[in-house]
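Both of the next two complexes hold chain A, though its partner changes from chain B to chain C.
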Partner chain A sequence: MLEVNLAKRAPAVFLAEQAGRGPIDIVLQPTMGRLSFRAKEAALEGRSEVSGLAVDGAINTRRENGDLAAMRLGPDEWMFLCDDGEVDNLAERIAEEMSGKAFSLVDVSHRDVTFEVSGAASDAVIASGSPLDLSLEAFPVGMATRTIFAKSDIVLARLSQTTWQVTCWRSFATYVQGYLADAAKDFAVA
Partner chain B sequence: MLLLECPYCGKRAESEFHCGGEAHIARPETPAELDDQAWAEYLYYRTNPKGLHAERWQHRHGCGRWFNALRDTVSDKVVETYKMGEPRPDASNANIPDPAKVRSA
Partner chain C sequence: MSQPFRIQSGGHIDRSKPISVSFNGKTLNGYRGDTVASMLLASGSHLAGRSFKYHRPRGILSHGSDEPNALLSVDWRPEKGKGRRDPNNRASVVEARNGLKTETQNHWPSLERDVGALNDILSPVFVAGFYYKTFMWPRSAWEKVYEPVIRRAAGLGEAPEVADPDRYANRHAYADILVVGAGPAGLSAALAASEDGSSRVLLADEGFLFGGALLNDATSTIDGKPAKAWVDEMVATLDARENVVLLPRTTVFGYYNHNHVAMVERVADHRDDALEGLARERLWQVRAGKVIIAAGSHERPLVFENNDRPGIMLAESARAFINRYAVKPGNRMVVATSGASAYRTALDAKAAGIAVTIVDIRLGEDCGTELAEAREAGIEVLTGHTVVKALGKARVTGLIVAPLGKTGGVGTRRTLECDTVAMSGGWTPSVHLFSQSRGKLVFDADIDAFLPGQSVQNEVSAGACHGIYDLSAIIADGAKAGGGSREVTASATFTGFQPVRVLPTDEDPKKVKAFVDFQNDVTAKDIKLAVREGFESIEHVKRYTTTGMATDQGKTSNMNALGLVAGLLDRPLPAIGTTTFRPPYTPVTFGALVGPSREERFEPVRKTAIDGWAEAQGAEFEPVGQWRRAHYFPRSGEDMHAAVNRECKAVRTSVGIFDASTLGKIEVVGPDAAEFMNRMYTNAWTKLKVGGCRYGLMLGENGFVMDDGVVARLAEDRFHVTTTTGGAARVFQHMEDYLQTEWPDLDVFITSITEQYAVIALQGPNAKKVLEPFVSDIDMSEDAFPHMSVREGFICGVPTRLFRVSFTGEAGFEVNVPADYAAAVWKALYEEGRKYDITPYGTETMHVLRCEMGFIIVGQETDGTATPDDVGLSGLVSKVKPDFVGKRSLSRPDILRKDRKQLVGVLAKDPKEVLDEGAMVVDDPTAPVPMPIAGHVTSSYHSSNCGRSIAMAMVKGGRDRIGETVWVTTPKGFTEAVIATSVFYQHEKESIDA
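Right after this comes the complex of A and B.
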């Protein structure tokens, strides 16, 4: 199947030499299962979770449950994350649980790639292309939001004070990684 | 940096948003019964006010939702934002700068 092949294909990104040298790590994350889930309040019928994925969190927050994570990107939109091999099972379980309700579930695993940016000055590296206030008060640990990074649309999530996940469409990956690596150069050890 | 208040996400940079033109323009229920002039007015004629203007905005690089904003076309100040489907707010108490003063500033 085309989709399966695409999902298994290595992302078309280069490994910037500078990325690994300084105190900032920019690491391409392994392929993961990604499901875009849309449902209105009425269809959720007060559920706090769907197949183990939290749907009651505030907009722009990320909630984990074991190997699963749910990012609420809008009032009726979530990105569900799971292990690469689990995505078909998870999609079936969600479809079963939501059967008869108005909802949308799309496997977008092959669409996105994620970079983890970590290190003491990681917030400065993100800030080089972001219009957001990245202070802990404005962007606390556990926040996740779609936003703009330089000229690319990304989903930005903060996993710890100094650990970020930057997710972009596959075709933007080279650009985003290059931009991050370039910003990280400022913090590289000469 | 210009900040816009998304009704869902709060204050975010204008670069995350996209403007969709004047708000509160209802598509005619029975377009076939309109004459050319009425249809042209629905499609193209806008109020273009000097002062408060209700506009559609989309938080495109954010939650993706459309909402409405009341913006002063003279000062570019966004007085209020509100969700789609809600009526245009009464902004008569809004602190709108005097256009003459803005121009001379």
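Right after this comes the complex of A and C.
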């Protein structure tokens, strides 16, 4: 029986040629721990956080706490994000804290891939495939929502006025990246 | 070519930037700010194309997007090679840029000499409805003459010869207020709407300069300023406002539900400095809180004989060419009109040094102040005159006019020599977008026009499209639409006209070609014929004659056609109705509509973590939904048949490795997980032990098989559900639907883990030997880890959910590992497997192997109308569970019928013959057609393991017919086959200890 880890992680997506840096940066984010957390109001018993992850924010908001981030994607659904190496520990802590309550915690770290899109016209690049209103009034900094981008499901989060995170399933990553990179061409500079 | 007709000063052109474009191989000279039409006129020529049906020479009718005649094939970047040419560009709106290569259309061998012009002489044959009448004639003529010849002759322009190499972009946008059109009304509306800075305002105009009709206006003043200066000031004010986005060169072409408005922006074609890769055009999809339509109006031509001769243009267009483009349309002009506005053209033409005569159908006493003003300027005005016909062919040389008697008779003719005619039959508000928004039009007899009536969406029309023609009133109306007010003192506008459909003539009307619709070559005579043949509804007349059905959507012709029909039927015009306006307002390129969604962005191609390995091995792929899956792995020289035979043998004799990552996977978690599974699937889950697996069958509410898959119980409150590849999204949605709407009381949650885990299937007698060295924390012994169970542990040191399951009938495992590790684990297993000649196999071999065992594939054996019993799975339907989705439907009489199609095997009499999937199964091939059908073949393969062909079929009452002979259709006829059980392969020894 082998005890050593023979298997190395392979990246889910390779950078498309045209997705380099320019006025619009489209950067594949390093792997991270991702836990889909589900619990109804009754099970949360008025908690404001679970193991340091906020669960009291409004639907479609993203809250950070140090290396942790929580995106509330529905009335009983959160995406918890943590450092890659921390995911098992975090899962254990959450399971302990929620022990005896009705909840679901599923590791989806390998399912999702995130691109960060930044630059002055990044909202226009996102708007090439997203039918949402991306104005600061309608999509403020700190908002995160499940939506579509062209023909892919995504989770879209706004980290600053000009910084976005686009998260999709791994098999859609090449498509999403290609579409973003294509849209960014209109903002190239000579 | 020099520019003999260019006026030395004035106009909104940049004389410091001379440019040239190619026109039918000749060079046209001009300046930035020109269109190809204005450059052609500056050269002294009007000839810009041949007409659609009769191939008559045509000139430039209009200065705007309503131009029906001057359609050009434009190569936007000839220096870059083929593919950047598109047909049917209106010369009047093609913004000229150095290097454009343009060509006129619809002629051979040349614009000047065109054999198609024979049609003009043969025109008695090509009457209205000619195309429809051909349907009635001998059938042979249809196939040999009409279809090939007419089809080739019909259609305008040539399709591009290669794929479009340009990029096209897409953009979604939101606006509180979208203003369509940047003429005086639109500018005024946008200013008012954006005044307090709180509303997001988008102002789009199809032209490359803002200002609309004010660009054509050299004499009006607004608050003491020249019109163009006022425009510049307003545009600068808007530009300075942060809440305003100005979009020139942007045509609003479609108005859909919920104020969803589509526009196309021409991004690159006009640019000398367009960077490589810049989008050529951009499709905007705007969601607007409110839409202000300030789309202006279209001028109507006058309908008289030969009114289509080059040199005859709309009066406002003549004014536009003189004032905006500083081009004289000719040296000697006749202004033929039924209204006041054309007098402004006459005055401006006279000021530009053109000799002018006005012919007005109105009597002097019906005219306004314009008459005195014109006469004061020294222009001869013939009031109460009709135009009988135009002279000349490739260019108008004169106009025959005659006074109208009190009783309508036509008096003594007089010929006015000229090289240009500026005609005006009045104005038609552009109600296209309003009508597209589904608003109801109302007829206003005072201005002889349909106007916006009842709104359906949140929009408002302002200015000329609202039936308001006086400049001060237009600006006030725009401001009001924008939620404010603006009172200006502007020059009075010459307004008012007398509607006239066809000008009175003393010629035989049956021989006169007086064009109503220029682009589709429809004459007044054609419309009269249609009415005479019994067509009364305008929708019928339109289709019969094709009037208004060309790419210009009848912008210049609709009101003349309507009025003509109303007059012939002696009914009020609104009783005839108006035709429906449909998007697009002007033609839109396919490129803009397709946008980025082409080639690799047409559709996501989903690849597994192992896809790269398969590609490197030379696998052939097949699409399965959005997934690309390895179909088979040919070795050199092998075809698919040989490869699949080899792969199938290898799995049964040693070991095969298969990428099953695309299987749908759903993690079902919560205290009520087992109860939820009980309700979603037909079989029972409560007693399934932790660590156990069970095959699950899912029905729709209608009792038909919807999906299937192996389900593992990982914990009391946690299931790992697998679905078919194609059913993954559907099953997830189905479950979520029930959870949210039917059983919100259940404490259970579902999470898609399809892409969290890659799945490596190892199948065959040696599978365990390959796997064992890499597994830790799992007891691999038969007793501890039997068939149909699941264990969690490690493989190659990474966590795995290891399933002992088989879809091949061989002992096998499915290794679930987090996807990023899959490629490494696969390689480790493959290297180890070499000891046993491990064989990678694809979906085709998987299909053959499961068919050998009689395992169904949902979607192949089932077609959405198969019950569990139909496919021999009634044993999986619980008789004791109180309920599950689809249970009630299973007791419907139709579902209980004895003669339903049932799953059976079908073996061709000839073991080498592979039946066609989808072939019909019949009992008597000599029965008369329509032949009674007993069933159909669902799966069919050659099986190397069985040494013959095998097939599954759904046959009526099939299970009671084992051993009977039937006939199966082939491309050539029928072949004999025998009904059998659907399990084809028998193991010599039990290799699965199930």
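Assume the second predicted complex is superposed on the first by the 177 of 190 C-alpha atoms of A that agree within 3 Å, B and C clash if a C-alpha of one lies under 4 Å from a C-alpha of the other, contacts with A are read in each partner's own complex, and residues count from 1 in each chain.
Everything that follows uses one rule, which is that a contact is a pair of C-beta atoms (placed from the backbone, for glycine too) under 8 Å apart; a residue touches a chain by one contact, two chains touch by 3 or more.
What you see is a predicted model; the values in this text were computed from it and never measured.
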item: Of chain C and chain B, partner touching more chain A residues; value: C
item: Touched partner set for A:59, first chain B, second chain C, both or neither; value: first
item: Touching partner for A:146 - first (chain B), second (chain C), both, neither; value: first
item: First, second, both or neither for A:178, with chain B first and chain C second; value: second
item: Which of chain B and chain C A:131 touches, first, second, both or neither; value: both
item: Contacts of A:75 with chain B and chain C, given as first, second, both or neither; value: first
item: Chain B versus chain C as contact partner of A:40, first or second or both or neither; value: second
item: Contacts on chain A seen with chain B and repeated with chain C across the two complexes; value: 131-132
item: Complex interface listing, chain A residues touching chain B; value: 59-60, 73-75, 77, 131-132, 145-148, 153
item: Of chain C, residues touching chain A in the complex; value: 167, 169-174, 200, 267, 273, 275, 277-279, 282, 285, 287, 596-597, 600-601, 603-609, 626-627, 667, 669-672, 747-749, 751-757, 773-776, 795-798, 817-825, 828
item: Complex contacts: residues of chain B adjacent to chain A; value: 1, 8-9, 12-13, 15-16, 61-65
item: Of chain A, residues touching chain C in the complex; value: 1-12, 31, 36, 38, 40, 43, 76, 102-112, 124, 127-135, 138, 150-152, 169-172, 174-176, 178-179, 182-183, 185-186, 188, 190
